[in-house]
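Labels run A, B, C and D following the written order; every chain starts at residue 1.
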Amino acid sequence: ESPRIVNSSTPQNGPLGKNGPSKGRDSGTESALLFEWLISPVSPQNFFDNLWEKKPLLVRRHKPQYFQGLFTTVEFNKILKENDVQYGKHLDVTTYTDGKRETHNPEGRAHAPVVWDYFNNGCSVRLLNPQTYSAKVWKLLSTLQEHFGSFCGANVYLTPGGTQGFAPHYDDIEAFILQLEGRKRWRLYSPRSDNEVLPRMSSENFTDEEIGVPILDTVLEEGDVLYFPRGYIHQATPPSDTHSLHLTVSTCQKNTWGDFMEKCLHGALQTAMEEDLNFRLSLPRDFLNFMGVVNSDLEEDRRTAFISKIGELFQKLASYAPIDVAADKVGMNLIHSSLPPVLTDEEMSCMVYTTNISFENGEFVSDANILSEETEIQLIRRGVLRLITQEDEIQVHHCVENSRVYHGKPCQFFVIPPESAPGVEFLIRQYPKFVRVDDLPLEGDLQGKEVELASLLFEKGLIRTRYPLHTDTEEER
Amino acid sequence: ESPRIVNSSTPQNGPLGKNGPSKGRDSGTESALLFEWLISPVSPQNFFDNLWEKKPLLVRRHKPQYFQGLFTTVEFNKILKENDVQYGKHLDVTTYTDGKRETHNPEGRAHAPVVWDYFNNGCSVRLLNPQTYSAKVWKLLSTLQEHFGSFCGANVYLTPGGTQGFAPHYDDIEAFILQLEGRKRWRLYSPRSDNEVLPRMSSENFTDEEIGVPILDTVLEEGDVLYFPRGYIHQATPPSDTHSLHLTVSTCQKNTWGDFMEKCLHGALQTAMEEDLNFRLSLPRDFLNFMGVVNSDLEEDRRTAFISKIGELFQKLASYAPIDVAADKVGMNLIHSSLPPVLTDEEMSCMVYTTNISFENGEFVSDANILSEETEIQLIRRGVLRLITQEDEIQVHHCVENSRVYHGKPCQFFVIPPESAPGVEFLIRQYPKFVRVDDLPLEGDLQGKEVELASLLFEKGLIRTRYPLHTDTEEER
Amino acid sequence: ESPRIVNSSTPQNGPLGKNGPSKGRDSGTESALLFEWLISPVSPQNFFDNLWEKKPLLVRRHKPQYFQGLFTTVEFNKILKENDVQYGKHLDVTTYTDGKRETHNPEGRAHAPVVWDYFNNGCSVRLLNPQTYSAKVWKLLSTLQEHFGSFCGANVYLTPGGTQGFAPHYDDIEAFILQLEGRKRWRLYSPRSDNEVLPRMSSENFTDEEIGVPILDTVLEEGDVLYFPRGYIHQATPPSDTHSLHLTVSTCQKNTWGDFMEKCLHGALQTAMEEDLNFRLSLPRDFLNFMGVVNSDLEEDRRTAFISKIGELFQKLASYAPIDVAADKVGMNLIHSSLPPVLTDEEMSCMVYTTNISFENGEFVSDANILSEETEIQLIRRGVLRLITQEDEIQVHHCVENSRVYHGKPCQFFVIPPESAPGVEFLIRQYPKFVRVDDLPLEGDLQGKEVELASLLFEKGLIRTRYPLHTDTEEER
Amino acid sequence: ESPRIVNSSTPQNGPLGKNGPSKGRDSGTESALLFEWLISPVSPQNFFDNLWEKKPLLVRRHKPQYFQGLFTTVEFNKILKENDVQYGKHLDVTTYTDGKRETHNPEGRAHAPVVWDYFNNGCSVRLLNPQTYSAKVWKLLSTLQEHFGSFCGANVYLTPGGTQGFAPHYDDIEAFILQLEGRKRWRLYSPRSDNEVLPRMSSENFTDEEIGVPILDTVLEEGDVLYFPRGYIHQATPPSDTHSLHLTVSTCQKNTWGDFMEKCLHGALQTAMEEDLNFRLSLPRDFLNFMGVVNSDLEEDRRTAFISKIGELFQKLASYAPIDVAADKVGMNLIHSSLPPVLTDEEMSCMVYTTNISFENGEFVSDANILSEETEIQLIRRGVLRLITQEDEIQVHHCVENSRVYHGKPCQFFVIPPESAPGVEFLIRQYPKFVRVDDLPLEGDLQGKEVELASLLFEKGLIRTRYPLHTDTEEER
């Protein structure tokens, strides 16, 4: 597919400076706006209808400041000086010279002077998961992820002029290249075969002979963005008169219908075997005489019948597929992989984090109003939690305590009684509306205990109140 | 289903005395005849059309000697004296009194006097896998298994008069009860629900209240046989004036279409993901908002579309199912679980086992003719081996070296070059015909090396020659 | 042993405010001074001669500000608000009421308002490893550890007035109690038996009946310090009119001669068996007839001889003990467990961390002087590294990259060529003197490569230069 | 050490034909006599005083029939035909040609014709653990083992004339070579160094250059026996005019004082740390500054003191060594590794195995007299059981149910109440005397329950009665 190239003359500024959704605005809307800004002036509808998973898109912005404030080489240096960045785990030093790709990582912590010595000597430097160190990148990914419904990751690439750090290859993710500093020449190549269209695994390194002729050969400038689907082979190198710094945002890794099917199959068969006698009948006593690879070119009615019987069973299987359970597994994995939300000061002032406490006469005294039946509450983000039913237990999985390090902590969840579940569902469905605590629809014995549920969610950091909790601020509104 | 009861007045004798197929007769035919004898006078066709997996069958033989020579209490005693039979592993001592099922196994070896002391005190004794000790039972099972195309196992039950050793329950296998000594009252009950028709797992122990009214209440006599499908609840007790000894032959455990599907599913999806783009597209970005157990009663077009898309993918999946590979897995498991074949003296004289060898002047001298191009050979049994293709390697899996202890040895196989495979397939397809060694259709460089392949199979004990290998015997024919 | 009680009238102030050793001063000296301050006015010599591992010491300071700045309840609150402190892992909520010890930890993050709610309701709060969050505590422990030659840990205990959080028990560590806020009544009891003097394991919880009469019953005031050896049972509760906040510093856990022996025994025997025929001779053929528990009261010459032979072998064994190898294992474990050193700004300015770098024209430009042959260098701390010989490889184990979380990272080390080892040893032995790079005594082919070794150690953060590396600062001295 | 060579002119015949100790004779005496026969005419005292673990011994018997009936090539052939002997696991096919040692094992079962084909083509054949198949070898080893107090194993070697199957090497066992058929030239070489005298591990294969000049170069004839201690290098080859068949009996593998120490050390230190304060004191705070490999050539008082302190602790350690517990571990391992005893018909008639039982009227009727208080009983062999105390439980470990395959079954034991232990000890100490059941000295509540203990031991096959249990046989005595 030939790439789409768009020249933008009047680009808009982005919402990057803000930390969270505007007051009262849906986090889903926020993330949609952020994505719109990312690919502007292309409209999201146009993008998802015509380009997404189909063909590359290059947006030439002619506005070098477009990504200003997101990430810089100077910030990179600061990160190295202040953090225990480890070679191999958080940072790679690489070269690609004369068709040979090499990694030059020593062991241990990557101290700034040593890393820049490599850089000055022609090595590319890749920082993995910059969101761990950069609040801006964290905010960008955390927001975009809500739009894609799939984990968003990122790498930063810093390359000296006239060098190349990586061999031609394709990846297993949808990629957005944000050119932050300098320029870089990109060459894209179409997938080499149908099997390599939207592949589930990244490729090995290719030689020039293996990849054919580029379908795009262009130089990205500051502020430009380049999108290409997984499977598109690429290589990139800055012109010799400038370095290049870019951020690659990735998403939709192993997020396919096939991956979803994988989560359905076992359960579908278990249920089918329990509920459908056809799956419990014995196999024909003699089928081993005509089935098997040795017999695969045998033409015989018994083979035909056997194969068509299997076909019937596959069709029946669909009706037993535990689709919603599988969706919850995907949802749970997404919650587990997610970055925690980036909270604004305003949000924090309505949450468990910043209740002012003073220690007086051996007691801690809070200046906060306690949650009451009239308090209005809201989930802190649309996708911040998911209800999962496992073995008759209702678990609330959430991402607010996740680490900024990918999978840096085990799955975070707590259990609630089934009678509370409608209350949590109500919060999910009403989002982004605020609801009164006493409107939570609890069931059975838990009716009347709405404040208890609200307090639990509040203490876990999952909800905010409409107004700040401090008495003084209270008066200000 | 009401059980079928058949009274036989002129029963035929069985082929039990023989050790293997008659010369030149197909082992498949032998096993069919043995099964015919087992359920005689009911015809196998009638049985498999109307009773198998459907309803119980009782054959009253009025011929106490019918199973004579198969297994006796005296042989049981001899087994205990001569073998290291271990409590719990090979033998169980049990009671079922006043609705309570108990196991009384001490630790260690089950010495005869101790076991019979339990028996004289009212305990039932179950011998697991009697085929390990009894050549007749080994022969019975080894032959039947070829007929069922599924592993056949057995247990022996010896029960004192007027007692019961086991609580009412159902099993996960097709059961044939062969009454060998004394008498036993059997009560059968229909499966309690559709889900318990042909179940994949055995039940726990039931109380009388849980099982309803028997559909069969009868006393088995020596020579009678009782069949019932898995899922039929049963309990049995000898009249107070006699002990009971019976053999339960079981088959078709986890041998269902569903089990077969299980072996297909993963491979089908792997292939589908590799070959079909539909499986590699990303999921809808927002599907987590309308799918999941919380949303299961949401009525929405997006849900309907999602579910119907999954249905389509299931249908597509069937065409990618690796049916023959799955059949080979089943075949390989069957080979691995199989009893080794019971060989006749005549067969042994034409095989690797009994070549006469004498030691003369520091050399071993064989009186056997060596395999030559003209030698006529035959697989020793139809089901004795299976060709399995694994990662471009052709493996010959076989059961001749298997232990009489269930899974007592690891999987036995050896590798042959692909060019030899047609030669082995030829032997399989031609069975029970004898073929000349030089008629084996080898390929490529191996043409002309037919004697080598034949020698390999001969040395592994997989083939026999038409005539005994000894010079002297040779002359006698 | 009756405890020593010391009343101090003119206490000195501590060195707590500083971050590291004074310029040019040995870190060993620094840590000795810190310890002197901790137990002042008792002299260290007096302490180690008469009290250490022998009896408790109470120092009444009458100077509430003595520990000022080390840790406060207000800092505790700030830690909870800013860090992902997890119940169970980092913080415990406990009570001890009516002889019953309970833990009240919920799951997940310990948010400040929830924790203080527990506190206001009478629960004690224990913060584990406060050094992870508090730079002052980190500094305290990191320095003391060099003095004890053994890992120093700490816990913070915050207890409401008139309550008790823990049952009477003894610990497996040497304990120093630093009273930071409020007051707390402490009762100490002597070890209950010889076996519980300096025990290797902590005790279970005791009842009052099990522990006898206290040997010390006193109220600690702000600024006081209480020391007691492992094995001394203790319980503590603040008077009802005040809360209590204290820091427990612990050291010498499993740091005994016996633990050291454990590291020697296996190697000693291996070597003895290799080098001494006495260990390789067969046992007496009949020894099983007179040795063994059944024969333990047999009086027989053969027994006596056997036992005395074993005695001889034990004596021989000592001479084969790999004492230095075992010492290195202890040293390696200490390095691995150690807190990283707390560095002063002055130190940082002479190390790899704060080299100023600017990014100009696509290149990183450093304003630092490069290490040269004349540069004077020094290990950053006496105990910052240890040379370990493992399988002919020389490993430099160090603690500069360790996590402030106990064992939060794997063992950090790198390998150097044997010819470099004398250079590193020289740096160890010369400490705290600065040495010129070209005075490093390298061997063999590495002679002349002193700058390389120095650069390696510099880039790992193990050495500092005498003067700051910046050109401008350079001029200022 | 120069080998001892003894020429025997009037050799006595051996006790090999018998199956067990003569009636009333100690199994220890039996095994001593068997060993005397093995090395006759050298006296056992002479052997153990002057040769054992010191130097080789060659006994030239000039009596080819001396080992008649023990094992023959013809029996070897029969074993292959009747048993599932597997290449690699039970049998090896090897060559040593032109200094190159090769193994030619195919996979799977070793069928006789294939094995002899290898032999006829110049390969050596080694049968591992012939005791599994040969009752005579089983008997030989089972008896010798009681004499050595250490596991006895064996291999059979069959070598074609003029070939060699193995490279020069030494073993980790005491070896007795029994020449059964043909002749074989043996060359023995002294251990190459002090470290290789009585080594704990076998050597790799040597070249001729590495082994020096033989200290013995002789041809073994049928009936001869050759002994050499572990560490003596050897190679052997039959003259070209004859094959050779010999049996190697091995013993005392890892049965040394050092191995015994290994079982003591950990327990000694545990106890020392519990009971001796010296082991629980902390290490010197500064020892890491003067100990460690880096400091190993430091001359300093602190080092000297530290090392001498360790020496003292080693001496103290001896007194805490759990010598009897270690002896029981050795005893338990020996029991676990032991071959089961070979029982005579006479013994069987007085044991649980051959009680005659008939099945009459649904009951098992025994013709045996039941054990009563007057019955006289005896352990079936001196070393058949061992009492082991583990965690306050008294276990009777025994070898009667062991497999003839080495470690073919898990450790066999059962638990008895402590009050029964004196009864079992009494049986051990009184052996080989018969004792009356009511003389068993039970304790506490178990007094008066002597028949119960005797019945338990009887049912486990550990004791025999003085007279056969059958009524009829009873009369015959």
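Note that in this section a residue touches a chain if its C-beta (ideal position, glycine included) is under 8 Å from a C-beta of that chain, and two chains touch if they have at least 3 such contacts.
Worth saying up front: this structure is predicted, and the values here are computed from it rather than measured.
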Both-way neighbours, i.e. chains that touch chain B and touch chain A: none
Taking each chain's C-alpha mean as its centre, the one farthest from chain C: B
Centre distance in Å when chain B and chain C are each reduced to the mean of their C-alpha atoms: 65
Whole-Å gap between the CA centroids of chain C and chain D: 51
Intercentroid distance (Cα basis), chain C paired with chain A, Å: 42
Residue list for chain D, restricted to those that touch at least two other chains: none
Contact graph of the chains (line, ring, star, complete, other): ring
Chains touching one another, given as label pairs in label order: A-B, A-C, B-D, C-D
Contact set on chain B toward chain A in their complex: 48, 53, 147-150, 174, 194-195, 197-200, 252, 255-258, 260-262, 264-266, 268-269, 272-275, 277-288, 291-296, 306-307, 309-311, 313-315, 317-319, 321, 323-325, 327-328, 330-331, 334, 383, 386-389, 421, 425, 428
Chain C to chain A touching residues, read off their complex: 73-74, 77, 81, 84, 107-109, 111-114, 116, 119-120, 160-161, 182, 242-243, 352-355, 357, 359, 362-364, 366, 368, 401, 403, 412, 414, 459-461
